[in-house]
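Report on one structure; see the data block that follows.
First chain written, first letter: the chains are A, B, C and D, and each begins at residue 1.
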Amino acid sequence: MTQEQLAKLFEETRLTSVNICEPLETEDTVVQPIEDISPPKWHLGHTTWFYEKFILEKFENNFKPYNEAYNYLFNSYYESAGVRAVRSTRGNLSRPLYKEVLAYRENVNDRMLSLLSKKVDTEVLQLLELGIHHENQHQELLLTDIKYILGVNPLLPGYKTMPDNEIMNIPSLDLEFLPLEEGMYNIGNNGSSFCYDNELPTHKAHIASIAISNRCITNAEFLEFIKDAGYERFDLWLSEGWTWLKENQITAPLYWFKNEGKWKYFTLHGLQDLHPNAPVAHISYFEADAFAHWKQMRLPTEFEWEIASVQFTNTNKANLLGNGILTPVPAQNYDFIGNVWEWTLSSYLPYPGYKQPDGAIGEYNGKFMINQMVLRGGSCVTPDAHIRNSYRNFFQTDKRWQFSGFRLVKEQLL
Amino acid sequence: MTQEQLAKLFEETRLTSVNICEPLETEDTVVQPIEDISPPKWHLGHTTWFYEKFILEKFENNFKPYNEAYNYLFNSYYESAGVRAVRSTRGNLSRPLYKEVLAYRENVNDRMLSLLSKKVDTEVLQLLELGIHHENQHQELLLTDIKYILGVNPLLPGYKTMPDNEIMNIPSLDLEFLPLEEGMYNIGNNGSSFCYDNELPTHKAHIASIAISNRCITNAEFLEFIKDAGYERFDLWLSEGWTWLKENQITAPLYWFKNEGKWKYFTLHGLQDLHPNAPVAHISYFEADAFAHWKQMRLPTEFEWEIASVQFTNTNKANLLGNGILTPVPAQNYDFIGNVWEWTLSSYLPYPGYKQPDGAIGEYNGKFMINQMVLRGGSCVTPDAHIRNSYRNFFQTDKRWQFSGFRLVKEQLL
Amino acid sequence: MTQEQLAKLFEETRLTSVNICEPLETEDTVVQPIEDISPPKWHLGHTTWFYEKFILEKFENNFKPYNEAYNYLFNSYYESAGVRAVRSTRGNLSRPLYKEVLAYRENVNDRMLSLLSKKVDTEVLQLLELGIHHENQHQELLLTDIKYILGVNPLLPGYKTMPDNEIMNIPSLDLEFLPLEEGMYNIGNNGSSFCYDNELPTHKAHIASIAISNRCITNAEFLEFIKDAGYERFDLWLSEGWTWLKENQITAPLYWFKNEGKWKYFTLHGLQDLHPNAPVAHISYFEADAFAHWKQMRLPTEFEWEIASVQFTNTNKANLLGNGILTPVPAQNYDFIGNVWEWTLSSYLPYPGYKQPDGAIGEYNGKFMINQMVLRGGSCVTPDAHIRNSYRNFFQTDKRWQFSGFRLVKEQLL
Amino acid sequence: MTQEQLAKLFEETRLTSVNICEPLETEDTVVQPIEDISPPKWHLGHTTWFYEKFILEKFENNFKPYNEAYNYLFNSYYESAGVRAVRSTRGNLSRPLYKEVLAYRENVNDRMLSLLSKKVDTEVLQLLELGIHHENQHQELLLTDIKYILGVNPLLPGYKTMPDNEIMNIPSLDLEFLPLEEGMYNIGNNGSSFCYDNELPTHKAHIASIAISNRCITNAEFLEFIKDAGYERFDLWLSEGWTWLKENQITAPLYWFKNEGKWKYFTLHGLQDLHPNAPVAHISYFEADAFAHWKQMRLPTEFEWEIASVQFTNTNKANLLGNGILTPVPAQNYDFIGNVWEWTLSSYLPYPGYKQPDGAIGEYNGKFMINQMVLRGGSCVTPDAHIRNSYRNFFQTDKRWQFSGFRLVKEQLL
């Protein structure tokens, strides 16, 4: 992208984050019910600090930090950027106020645009592009965290009304299995546009012949698992999953509530009847794996997923952030992209030949490459520009607050 | 008090609570940095629920709860009042909003005043008086919790400016010891006005002859203890206190900050130089006990304290909530009442002949009579009408967020 | 006592400890199922270290420690005696072996007797007497810890067969209440023989008129409490007790097992039918307090207990260690002494005028004077010479592995 | 193997386990310092229970369990085999005694040999072979657990004297890198003799061209890392590893002790000087990964490791259990097999096409396939018959009590 295009994208991106918070009440921007979640005003501050710390501090003339304390408060995990507040305390901090964070955003926006009004180094542009993608990522987190904040509240307030939409009334695709041929494939990002370091380098991988389901597992299908005592049969579960289930008394996906015998599902559009045809979401890796075990199938590896998503790309259809529907919809297409993140049977590890960038930017991805599983494809709250076939998301196996679902693989074609 | 007087007091009390929160920003009303602290909007809701649950539910015609969920959200610890939200989750709840809590207050105020506009049962008046004292207690907690919320924030924002006051510039009384004669004394509340059940019944107690200090220990005196390695000498500490100190890396009272070699102290009026002549506050029982040990003295028992406070009552002078000074001041008088709560060498246990009231009201005091120590005298943020010589406050031995200090006793007169 | 008498007592005491361990298997001497419990071989080593550290190190010519590491391994809680192994790790240590500990005992015995073969300082005799009482205390702990080690084992092995005894077949005394007159009494040890610092100084205390039960509550009476849903009614419990009960799923005293509808009770003589007429034992303070609450009575204070035990002393009858019955027996007498330790309504705090001794010996009692309750009277495994009316034992309110029971007080005579 | 051969191997294997415990004192067989470790007598009981539960219960005529309680006590993690004792409590159990466990072994040995004295089903033979390999695995665990039990003891007792051996005095191989060619390789066990389910099925994998070190990293090389502040530089560590290091205050491999400036290393042959030329052992995955990062290299994947170990197999030389040297020796050969387990850059996940066996046996491997990393090659205490190129061991990334080391990979040949 040109400097002008990036500057424009920067402005749009900055506005989008603020717009996402617009329906919130001030109180909603403060709380942190669990450590995974960050208060919305923290997200707004942190994404701003990223530009100030990694671009302005180095490239602005006569740089002076907006507020010395903000480097402490808004640093997420960058050891190279100095000491930082303990993550679990973000929800203890009433100050800076929401409006003070907005003022901080304005200030950094102005300084960034002033910097960008003259020709800048390539390094600035690279960091800017990274900063924009970083902010995209936090836009998604903003929405998943808002969902958690509202969903954990006994009053179950909605975030925004749902746009009128026919799609909710259409049955999803019949479950079928798409064959993948054995062979050598190229894996990883080979495009010329932006990608993260963890999608590189492109490299070859061999896969055996399998068949992958044409869509994700639905709520109705997952209900069958529950009815068949899926949460009570140890033989279906990984040992660590069984311990997790027992300790946390898990009996259904997150945000499922049983009300007088009827399943309800909390969405960003408020509490709704559980939709049978929408893909199941907000499940842990353990739950996805147990379901697959129950079906005598397995999850796809991230390579199988990537190959399939490229091969069947013309039948993709994205339910992403842009359309305003903030909940998964029944699949009428293969939907590799959008709707729900899909757990894969692959650990988050470096690709062969992976090089971690130097300095703080190197802390972005590489240091998390352990004890997490890869998810692919983006969800209904992923910004449209922020997803691609090679994108590798990653979470620990017990996490459920993302829109996480799965599809299945059969090892022998029937 | 007559019904009219109580109704008027009710109105004033209700207003005071709201006024206490007036200087806060909305964000400040939401957070709960540690379990001991409650969010200010929770205090406002809970004190309101108390009237609705214990008076209106029983005595209002056609009672209908303002919001079914509030009984769950605003019940503190009353097992008899049904299931309740886990205490540690109060800070996770962005809803109800601050303004919604204020509306709840208005509604209950109106219904209470409507009920009180006609002649009511004695039981209503008794519960009303209890409710007012309960709210007084929460006014104090509001201020200590606000202090904690602001004091744990790296930005250290002040709550309110300090009124001009000469007293801060006057040295405190010289430390002297007042003799108490051996003998039998009456202990407990013998007045006709309101008191809690735990101040009853009055009963006799024998004390030996001792001398009690004429004021509390000051910051300057406590600094001497620190300089003499008081926090590093195990022989001065109770075993449990030494473990607490090591685990929490305690090296000074709460809210003390060392800045370039100079001690600062966070107050509700903002960060100030540590005042040498003001009584030390925000220390645990362990710290008070270790200091006494260091001086080869001890803390007074609650009986000794009560006897002395009655005997020297004309030299009391109260720095209580009403004067607007929200921090301890140098003692020019004996100050048994006001300034700081004083740890005593007495466990919080029932008086001989104590009767726990029936029902939910019986849960107010009696069920906490274990593993806590008694504090006496009220602090600079105790509502003026909410303290008396017989008042028994109680906290666990490691608690420091209250304005807690101490005075000393010598067992043999010199 | 004379030096000769003490030397003889030393020899007997040393032998008794070893005899207590004689019925054990080597494996039994090693384990530590919970932190409160110490492995038997640790008790044998620690009591030995006490003499070596506090007497031989100071008074033996050319002192050389038996093994440098033993000061680290066998120091219980004496900060003044240097660094020590973490208490919870005692059960991790297979070495020194049981036989090596016995050899250590022999060595220290010989050196002590050699020292005592010549005239020694009064200080040595005082420390020796303390050491003997210290070892007596550990003899009791040895037996309670052995009971726990065997009682937590699914195989429930007995420790020793029960001596033939008629007493188990006789009903206990009918429950009656003995009046105590209001007045001033002397409290504390006023004898000339040994006592601990915490029993001093003697001092006056006033008590109101009450009536105290002539014996402790029996298993049959406690079963009534259970049948009346005593463990399920929050209103009977202290708040902290209710939390403890819920978290630990407590539904009966320790060592009670329900087998096909019938209550069994594990004793040092093996698993037996629960004896209806024996006093209930192995209950926490919380359980004693809840029972009293259920009866609308209360526990005696330690002063009331001491006054009654002195007043009715001729009806005492001791089931102590010496008779070889290692389980509580039905009371045919008032049994203030022996059978079970009795929880009192008194916190463990210093008496007025208490002076903590200097040095390591000062750590024996004083530093534990917080957050514990006093128990009085000794139990069926207390060495006969180790109990007296003024003896103050103390435990945290949730502890149950001691033979702890209780008697009741009525505040108004009926 | 024929039934006769298996029966003979059974007898030998049973004897070996007992022989491993022979140098222990009874006390050593009881303790469990951390949850990962099991008491030696538990290992002896558990391996016995495995035959009784999975073979005798099904195939013995008139089966009657040796002791009903043993199914509860000696079940490790088989949900299908009924309720079991909590793992962390194994060290609390003094009973059954060591000698009682030996008697249990004898009994089951006799019954097994009696069963095997007649022709049995293939299923019996398969289970028997599994049981023998299972016991082999526990022989290794016995030795690593014994090392931990002795190494955590302040007295640091040795287990057995070291056989005279020249090898300790010879420098290890110079560090060189062996090239592996890009291509498709077969992975997994393709032999006809026993292997675990997790080594199957054989399948193809593609690897890029790399170079792998001809031996593991030595203590001297690891010391360089420490001297270069390797444990203090966050940029070298995975985020989770950095947290682990901070929380556990890790500054060196397990069993390294610094004594007056000199590094010592605890071995099963007692405390020794740290051997510069022996491979580093007892490090976590985090430490191996940080070292590789420091060298700007990486760990091999399990595929790369397996390919190299097959390709260079004639230069393997095994320091395994059989030679009696129970500590890693300087490498004079490539030593893929023996000496130390080697961490790989591969998560423990199922091979494509993996089928988990039915029933309890299916719990052996498959349910642990999450959040663990693969180790390859066996160690100095692995039974000689229990290791092969395709063998996949697996541990969590923070585990250090195994003899775990690593070798390095360069991605581009220099």
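We take it that a contact is a pair of C-beta atoms (placed from the backbone, for glycine too) under 8 Å apart; a residue touches a chain by one contact, two chains touch by 3 or more.
Since the model is a prediction, treat every value here as computed from it, not as a measurement.
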Furthest chain, CA centroid comparison against chain B: D
Centre-of-Cα separation between chain B and chain A, whole angstrom: 46
Chain centre separation in whole Å, for chain D relative to chain A (CA means): 38
Full enumeration of touching chain pairs: A-B, A-D, B-C, C-D
Sites on chain B touched by chain C in the complex: 77, 79-80, 184, 203-208, 210, 234-235, 237-242, 285, 289, 298, 301, 345-347, 349-350, 352-353, 362-363, 367-371, 397, 411
Interfacial residue positions of chain C with respect to chain D in the complex: 25-33, 41, 69, 72-73, 85, 89, 91-98, 149-150, 152-155, 157
